[in-house]
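You will see two complexes here that share subunit A, one where it goes with subunit B and one where it goes with subunit C.
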Partner chain A sequence: MNNYQRIVFPLFVVVMAVLPTLLNPRWQAVAITFLIFSVVALSQDIVLGKAGMFNMGQALFFGMGAYITAILNYKFGWPILATIPLAILLPALFGIILAGPIVHLRGDYLLVVTIGFNIVFVQVLQNNLGGVTGGPNGIFGLDSLSLFGAKLTSQLAVYYFAFAVLLLTLWVMRNLEKSKAGRALHYLREDQLAAESIGINTRIYKVFAFGLGAGISGLAVTVYATQYAAVSPEAFEFIVSVLFFSIVLVGGSSIPGVMLGVFVMFVVPEIFREFATWRYFVFGFAMILAMILRPRGIWPATFGKIPKYLIKGGSHGA
Partner chain B sequence: MDIFLQQLANGLTIGSMFALVALGYTMVYGVMKLINFAHGDMVAASAFVGLTVYTQVMGQATSLAAVVVIFLLTAAIMACVGIVLERVAYRPLREAPRLSAVVSALGASLVIQNGIMLIWGPRMKIFPELVPQVYWDLGGVVISLIQVLILGLSLVLMVGLYLFVEKTRMGAAVRASSIDQDAARLMGINVNSIIALIFIIGSSLGAIGGLFIGLYYRGITFNMGWQYGLYAFIAAILGGIGNIPGAMLGGMLLGLFNAFIAGYVSSTWADAFTFILLIVILIVRPTGLLGERVAEKV
Partner chain C sequence: MARNELILKNVTKRFGGLTAVDDLSFKVEDGQIYGIIGPNGAGKTTVFNCITGIYKSEEGSVNWRGEEIRGMTPYQIVDRGIVRTFQTIRLFGQMSVAENIMSGRHIKSAQKWWHGIVPTPGSLRDEKENWLKVQEQLEFFNLGEFAATPTNSLPYGIQRRVEMARAMAVEPTLLILDEPAAGLNDKETLGLVETIYKIREKGVTVLLIEHDMDMVMEITDYLTVINFGKKIAEGTPAEVQANPAVIEAYLGSEDEDDE
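So, the complex of A and B:
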């Protein structure tokens, strides 16, 4: 853990900072996608990995963030950066409102309800409720980034914007792990009853996890909306939630594991483009194989600094 | 009133297909406590297998005997696929954390869905007209032979399954395994073969459901499994997951609900209404309509 913080993380930051200057535009776009989806996957990790709630509807929250940015920019002419506060707050608020009545549901029931939310959301978008979502085609032609009136049209600007968002997310996750809320979520995940009996208000913390995850993913897709200059319902179908759900669990719900999952899911297919039709067929097998060989994920998360000899079976926190 | 009766007939037809597929979910869930996400894709695959059996094996014959053979052969093939699925994707994860098995199920779903796409291509296929297009006009309500067949055969299968589970020794072993696997093992029940049996029954019922979907809707696509699978899974939850009569009831109710929403409100909102119904039911009565209240295990 220490080695990781001292060497690997700074190395990662440096590499990612100089990376775009070495890439051609196509790979810059891939790198931006990687950054955005890393943030989304980490936001899913807060709900699924850290708090242990079976959430299979994360696409709802990041879809909402994307649509808020798109609608404010396209219909009301707000600059992209000005939409960020609302793109974070509204999904977070919505996450809290939706999670409120359902967090007491256990395991698979919660999973099904979150799938349900996701599907209702996509249908609302497709039916163009309120006439602002653009129906099945979505919204095209968003502005590019601009700061104090200066247009930042290059991909590099989008890249560094996405990179900043990722660093911010990593900072939030690190603080979360060291804070009261993070410990509460961890106990909650390990044993809800025990957590309650030592005075943790599990309901509040579960809703909090949903709100935080929704807010972070809302922020991530502000970049997404800028990058593609468009949003459409099929980008937020529940199959997308399934992908992020799988990424977190196959990765092992640790930060490096989750990012490795995003890399395999979204960057590797770009290398093997001619085999695009085989993509999900191969991923399906990989998911089964990964779970059989490493049921706790490829890079299982650990929690806190508990000495090894105190841990029964050595599988603590995963 | 005409719309009402017409949608009643349509709803019962769709409902019996949901119910057949839901049985596969509910039986697997009952014993393994696992959402078999691949089941919907198995259903989709069976429609394609049926299509191939029809064109390659039966030489496009549509006599009654040929149709019976197509149904039996497809069900048998899918039962084998079901056993392989359980062996490869689920058995190694029996003792693993719950979520690992869920991911494995999702992986299996992707494999089957994209396997269909790689074998039969990404485009919609037209399912053959195995049953003659006969319609009866009963005073404004039109009922087709296909609808009667689907409803009748589904009811027969469901009653048969119910009797099997409730009245036979093997059925008792299935029930015992779903209450407590360890206790069942201590009573000398081979839980592994019960699970295999469940996959055989669930997959072949799903296969018949898939053939019905092909017969009724005609157009079949490689990714339709998620859609029908989710509906069937909702049906299983509505009735109380793990509960076999519950899945039948849930399927019928969901079919009716769907048909009436499509008839009276709007078909573009049918999914949303269905899921809102599901969410409300789960919030009010999480164990479903026929599910028993399970005491919290400490």
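So, the complex of A and C:
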């Protein structure tokens, strides 16, 4: 843990900060995708990994964030950056409203309900509800980023925007780990009855996890909408939710695990381009093997993050 | 002024056709160590579940400090100062001993949900204060050396201690223990008896179920004996031991268990 904080993490930040200057545009685009989807996967980790809720509809929430950015920019002329608060808050609010009545459901039922939500959402987009979603084609021709009137059209700008969003997310994840709310999620996942019996209102914290996960994913796809200058329904199909669900399970509920999962799923296929169509094949096998050989994921969550002054000599691992 | 009294009146809990708790009444007074005994399946754990909000009894009343708590959720009942342990230990197995005890600080902590996203100096101070409370419990239960150890890798006797430390971290008024000596060896049981006395000295009322007759007779001030969900006797340990109905119902079946 200490090594991670002192060496690995700063190293990661430095590498990621200089990386885009060494890459050609194609690889810059891949790197941006990696950053955005890492944030989305981390948001799913809050719901699935930390709180243990089988949410198979995360694409609904980040799809909503993307469409909010797209609609506000394209139809109402808001600058991309100005759409961010709503792209976070509206999905978060929707997450809270949707989760409220369903979080008491057992894992398998929750899974089916969230799939249902996701399917309904995509149908709504495709049918161009309210005439603002653009139907099956989605919305094209969004503005590029601009800051204080200056247009930041370069891919490099999008990269650093995405990188800033990832760093912000990592900061929030760290705060969560060291807070009452974050621990409550771990407790209720480990044993809900014990958590209630020690005084935790589990329902509130489950809804909190859904809201926070939805808000973070909404932020992530603002960058996605900027990168492609477009949004369309098929990017938010239920199968995309399945992908992020699997990434968290296969990677394990830890930051390196989740990001490793994203790397395998979205970057490795680009390296072996001729095998790109095999990505689901490879990932499918990774899922099968990981679940059999490492049921808690390749890089599982670690606990025991307690203050140093509580640890006495020679106490580890009894 | 509400006194720390727990009064059950005519509590009945059914599971389908089975009446697990049948018209049960008893009263736990402030500062007592109160025992519930009875043969296996008599309904003892079910009574505890009715008090702590895991089940809601179909009939009767559960009154704590002058307030009706029947029908409240478990966390609402914890908030009123009643905390329990489980017969089948229920710890957060992958998490460390210190983190398990920290869960008991949940309702005492002043942190709000948004502090999980953005901390403030106040929330960081609160975090630190609660970890120091955890440290107190680690010392009280002599668990310091296991602070960072995941609980599912610890022996049974220590797990029982962690569960009690977790409950005590809530700073309860009434501590409810479901067979705290189950699975402990003689030495550990002695340690447990001492710990329960020390907990009472802190002003905590203790309600416990116990199978170990010697321990019950030694430690409790007052007892209720139940069989098939019904009360068959109550009194001080000496009174209960002399009661023929108890000897027949409880000690009789105990002998069968031992064979």
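Going forward, the second predicted complex is superposed on the first by the 303 of 318 C-alpha atoms of A that agree within 3 Å, B and C clash if a C-alpha of one lies under 4 Å from a C-alpha of the other, contacts with A are read in each partner's own complex, and residues count from 1 in each chain.
Assume a residue touches a chain if its C-beta (ideal position, glycine included) is under 8 Å from a C-beta of that chain, and two chains touch if they have at least 3 such contacts.
Here the structure is a predicted model, which means the values were calculated and not measured.
Colleague: So in the superposed three-chain picture, is A:N137 touching just subunit B, just subunit C, both, or none of them (first/second/both/neither)?
Modeller: neither
Colleague: If you stack the two complexes on chain A, which partner ends up touching A:F208: first (subunit B), second (subunit C), both, or neither?
Modeller: The second partner, subunit C, only.
Colleague: Of the partners subunit B and subunit C, which touch A:E196 in the superposed model: first, second, both, neither?
Modeller: It touches subunit C, and subunit B stays clear.
Colleague: Now for A:Y187: first (subunit B), second (subunit C), both, or neither, which partner does it touch?
Modeller: second
Colleague: Is A:I288 touching the first partner subunit B, the second partner subunit C, both, or neither of them?
Modeller: A:I288: touches subunit B, not subunit C.
Colleague: State whether A:F117 touches subunit B only (first), subunit C only (second), both chains, or neither.
Modeller: So A:F117 only meets subunit B here.
Colleague: Using the superposition on chain A as set up above, list the residues of subunit A that contact both subunit B and subunit C.
Modeller: 193
Colleague: Under the touch definition given earlier, write down the residues of subunit B that touch subunit A in their complex.
Modeller: 29, 35, 88-89, 92-93, 96-104, 106-115, 117-118, 122, 226, 230, 233-234, 237, 241, 268-269, 271-272, 275-276, 278-279, 282-283, 286, 298
Colleague: Would you mind writing out the residues of subunit A in touch with subunit C in their complex?
Modeller: 172, 175-176, 178-184, 186-187, 190-191, 193-202, 204-205, 208, 212, 301, 303-307, 309-312, 314-318
Colleague: Considering only the defined contacts, which subunit A positions touch subunit B in the complex?
Modeller: The contact residues of subunit A facing subunit B are 54, 101-102, 105-109, 111-113, 115-117, 119-120, 123-124, 126-127, 193, 239, 242, 245-246, 249-250, 277-281, 283-288, 290-292, 295-296.
Colleague: Under the stated contact criterion, what part of subunit C meets subunit A in this complex?
Modeller: Residue list for subunit C touching subunit A: 52, 54, 73-75, 78-79, 83-84, 86, 90-96, 98-99, 102-107, 109, 111, 113, 115-119, 123, 127-128, 131, 134-135, 138, 144-150, 153-154, 166-167, 170.
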